[in-house]
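Below: a set of structures, written as structure tokens.
After this come two complexes, each holding chain A, first together with chain B and then together with chain C.
Now for the complex of A and B:
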């Protein structure tokens, strides 16, 4: 069986992640040998599978919210009736991206409290920005000639949007979603400091309790997760370009 | 059918609305003023505050405080005024003054509350304050945008307008009007720690910037000249950017700790500023290298040939033609790098690198929310300041470049 390189890379990353998540307990003797001074060389308060799933749920939910809201806003301001608001939306998105994600996360706590909710809100807000910017840029990049010919074929505005503009803009929009998901994967790890249970938890617990084994275990898995997501988006990007040329 | 610039003419259903963006901002502002707490008042720093609506603040305030909100009247009227230059200029000024006035009002009311409360009581900004302040700034930004000032003038005016608002707030701060707000009470408790943290934060960013420039600039030049180097370097740097910062910090600890036990004389350790600076450098390399290469790539070939025709040596062409023309794109990379590094340096506090992140996380771990603010707000201000300065620098150098390019083309 032959795989194309992109699928191969994704499979490899997935295998590495699965091996780390499920096989970490088997490495307990290794960590015990590396750090003989530690009473507990393996993070066992939760299983790594639970933490990984919680982490992915937080990243997934916040990214979905951002794609829905940011995509709609980006579509709205590229329609004739919403064009007046485009400058405002772009100003908010540009301004917001200068705010460091960790500061946005920290500021969510005084307004909302501790737990997964402030993390979800901060991550959603932060993920909105690249989605909005790339939705606008992608739809903007569709040439007027293409739109004219769609109209010439008798398509209405919504049909043009869904059958012409969005497929053509898909690679650019997808790039924005990718940025959002990758940033959120990292920020979700830091969200353990505001009370969300994610893969950052072993790292934070390890750092606070001088348990380097915990730090390595959490860091390896969250790093592998980021690589899986990156490889997945690389794969999707190639498909979306093909969809665009065939669609 | 995208409309650029000019807004669609108001339809029949929109009545006398002349500026729908200003209308939206005004409606959001009114809703926030009525429905959200302007301030929060807590008996001490660990308890959560009870909401203080804007109405109570205005009720208790002296008549002079009302003048602080006068610019808000113009912002409420702006949606119905014709978008002429004088109206837009006045709206921009009003937006800035309104935001500064809100800060002043919050500080004044905190002083009033402090006069009758225990010294441990805390007055902090509420959601209403943040939303109203944001509508003021956005009204300013939108009015400036509608003035269509051109790239060069617009960049200066936006920078000056942002600077003016920051200056007004700084004046209120210097005059002691804001001393009773919770974030400043927290500051008063830790002013020496805070000053150290700011310096440490800046030092971390700059310490990472130096190796980044020393490696990234030559690497970018090399990558532009040899596609093979580019194909090798960029995938690696891109991959590094996807690794979550906290994971990279964590993974650097173990090898550095091992190195420290092997070579105790080097002063290296697994925690502290050394792994932080290494990680910051690794993350900073991509924007610098990429933008250096993209900037050089963007230099038109006929400009290079014209320079050669004038008898310039390759070295002269590089230093006097290519580098200056690539400067705006390079500075954009520097802007991305600095903004990113300011945020990452805050995360580095988790591995004991110090800086403003240390104050922020200390607050989070101890459930002291004013302390969180004292760490997080300056991080945002630092990032915004770095962004503003370099955005201005990009606009100015791009202006110079475009003038030089058009001059060169006609010569």
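Now for the complex of A and C:
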């Protein structure tokens, strides 16, 4: 069986990620040789597997929240009954984006405390804008002719939404989710400053303790994870427009 | 079938449809014609409740549609629009099956119906069933649009300028298709166009609209010979009036039931041929008589040029339409 290039790319990125996560201890001699001044050339406080899974859980949870909230809000403001709130929603989402995540974290800590929760809130807010913006753009991109014929043939508002509008908007919405997830994968590393366990932990510890080996180890895996997610979304995007390339 | 009583629709201060009363008979092919902004599309879209009238009553089969659930009403009325509006992410089959799927028809019945409709609209099911809309030409897309509207065997078909965006040859072919479908199924059709020639060619009755009002509602022949106003006469156009007049009647109306003696050379024309085609045939053959056969191919008489020029059964028109000056020749 031949793999299509997109699936191939995804497999390759997954292999690279698995090799880095599981094989990092094997690279200890390499880091020792590169940084002979360091006592501990390999981050060993937790396994990289634990950190990666925690990192993915944080990104996944915050993205799910953003997709659920942003998607529903985007759908609501493109219905006739929700159109009034569109300006407000876009303003809130834009603010969420322009607010530096570090500031959200700093503000969240005094009220919520340290741990993964402030990180989850900050990342969810941060991912909201691309999801909201693309949901609105995607739904608005559905042509009037298609909408009119759906209505004229006797589809109700929900039938039109689920059978016609959302499938046609899917590629654009998916692009928004992809942006949100990729950005969050990077931003989640910063969440380690408020005590969330992520791949940012070796980076922060390394920066504090002038241990460049730690920083490189954390950054390499974050990068590989971003590649995996990007390739995964690429694959999903192709699937969502399969009808365009058929035949 | 469809009865309108003083139906009015305003958009702001502009009255799109102004107290229109009319009925569409069961099985009739009614064409609404008028310039843009005359309210014809608005009137059509009120018939399936895409637009709600400000006042007046619309009844379908005696029931006031304001009291019917709009989705259920629309599912029993086919709807075709100029921009087609096929669902681009669905195959031709699924597009055609839209309304049967909404109505929950069993899969096998939907499949058979799609095959039947593809054949009716002259699209090869093997080739088109699984195609996507973007793979089709404009004319093929509108054929699918018509098939989709007919899928659940609606008794009424509403068509809003369905062929206006097509090239003349494709449009002509689809007009022929519609006439055949109308004859074959007896579906009541309400058809909107701004093209009077299209209206005259297709309609049982032509309803002429202007500034939201119904100006005249009459068979094509009456629109031509007895226009209710100067506006209707302008819409018909003075160019080639005579040919249009001939086009709304068939050879059967003018044929003399006499044997062709002496025998007339050349193949006979069918009694169902429109008169302008028969005239064209005479010019092409350089003949002033044509042999005529009926639907079964039996000799039905002779068509004389003199009877084309003047209807032997009708008195001369009271107010003959003014023709444009013949010379100097008008540049084409």
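Convention: the second predicted complex is superposed on the first by the 241 of 247 C-alpha atoms of A that agree within 3 Å, B and C clash if a C-alpha of one lies under 4 Å from a C-alpha of the other, contacts with A are read in each partner's own complex, and residues count from 1 in each chain.
Following the convention adopted for this analysis, a contact is a pair of C-beta atoms (placed from the backbone, for glycine too) under 8 Å apart; a residue touches a chain by one contact, two chains touch by 3 or more.
The shown structure was predicted, so the numbers you read here are calculated from the model rather than taken from an experiment.
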item: Simultaneous placement of chain C and chain B on chain A, clash or fit; value: fit
item: Contacts of A:23 with chain B and chain C, given as first, second, both or neither; value: neither
item: Which of chain B and chain C A:209 touches, first, second, both or neither; value: neither
item: Chain A-centred angle between chain C and chain B, computed on Cα centres after superposition, in steps of 10 °; value: 90
item: Of chain B and chain C, the chain that contacts the larger number of chain A residues; value: B
item: Partner chain in contact with A:141 - chain B first, chain C second, else both or neither; value: neither
item: Partner chain(s) touched by A:149 [first = chain B, second = chain C, both, neither]; value: second
item: Contacts of A:60 with chain B and chain C, given as first, second, both or neither; value: neither
item: Smallest separation of CA atoms, chain C relative to chain B, angstrom; value: 11
item: Contacts on chain A seen with chain B and repeated with chain C across the two complexes; value: 144, 147
item: Interfacial residue positions of chain A with respect to chain B in the complex; value: 78, 80-81, 83-85, 87-88, 91-92, 95, 98-103, 106-107, 109-111, 113-114, 139-140, 144, 147, 182, 185-186, 189-190, 193-194, 200, 203-204, 206-208, 212, 215-216, 218-220, 222-223, 226-227, 229-230
item: Touch list for chain B against partner chain A, complex; value: 1-3, 7-8, 20-21, 24-25, 48, 124, 127, 130, 138, 141-142, 145-146, 239, 241-251, 253-254, 257, 270, 339-340, 342-344, 346-347, 350-351, 357, 360-361, 363-365, 367, 369-370, 372-373, 375-377, 379-380, 383-384, 387
item: Residue ranges of chain C in contact with chain A within the complex; value: 48, 50, 70-75, 79, 81, 83-91, 98-99, 102, 131-132, 134-135, 145, 148-149, 158
item: Interfacial residue positions of chain A with respect to chain C in the complex; value: 143-156, 159, 163-164, 167-168, 243-244, 246-247
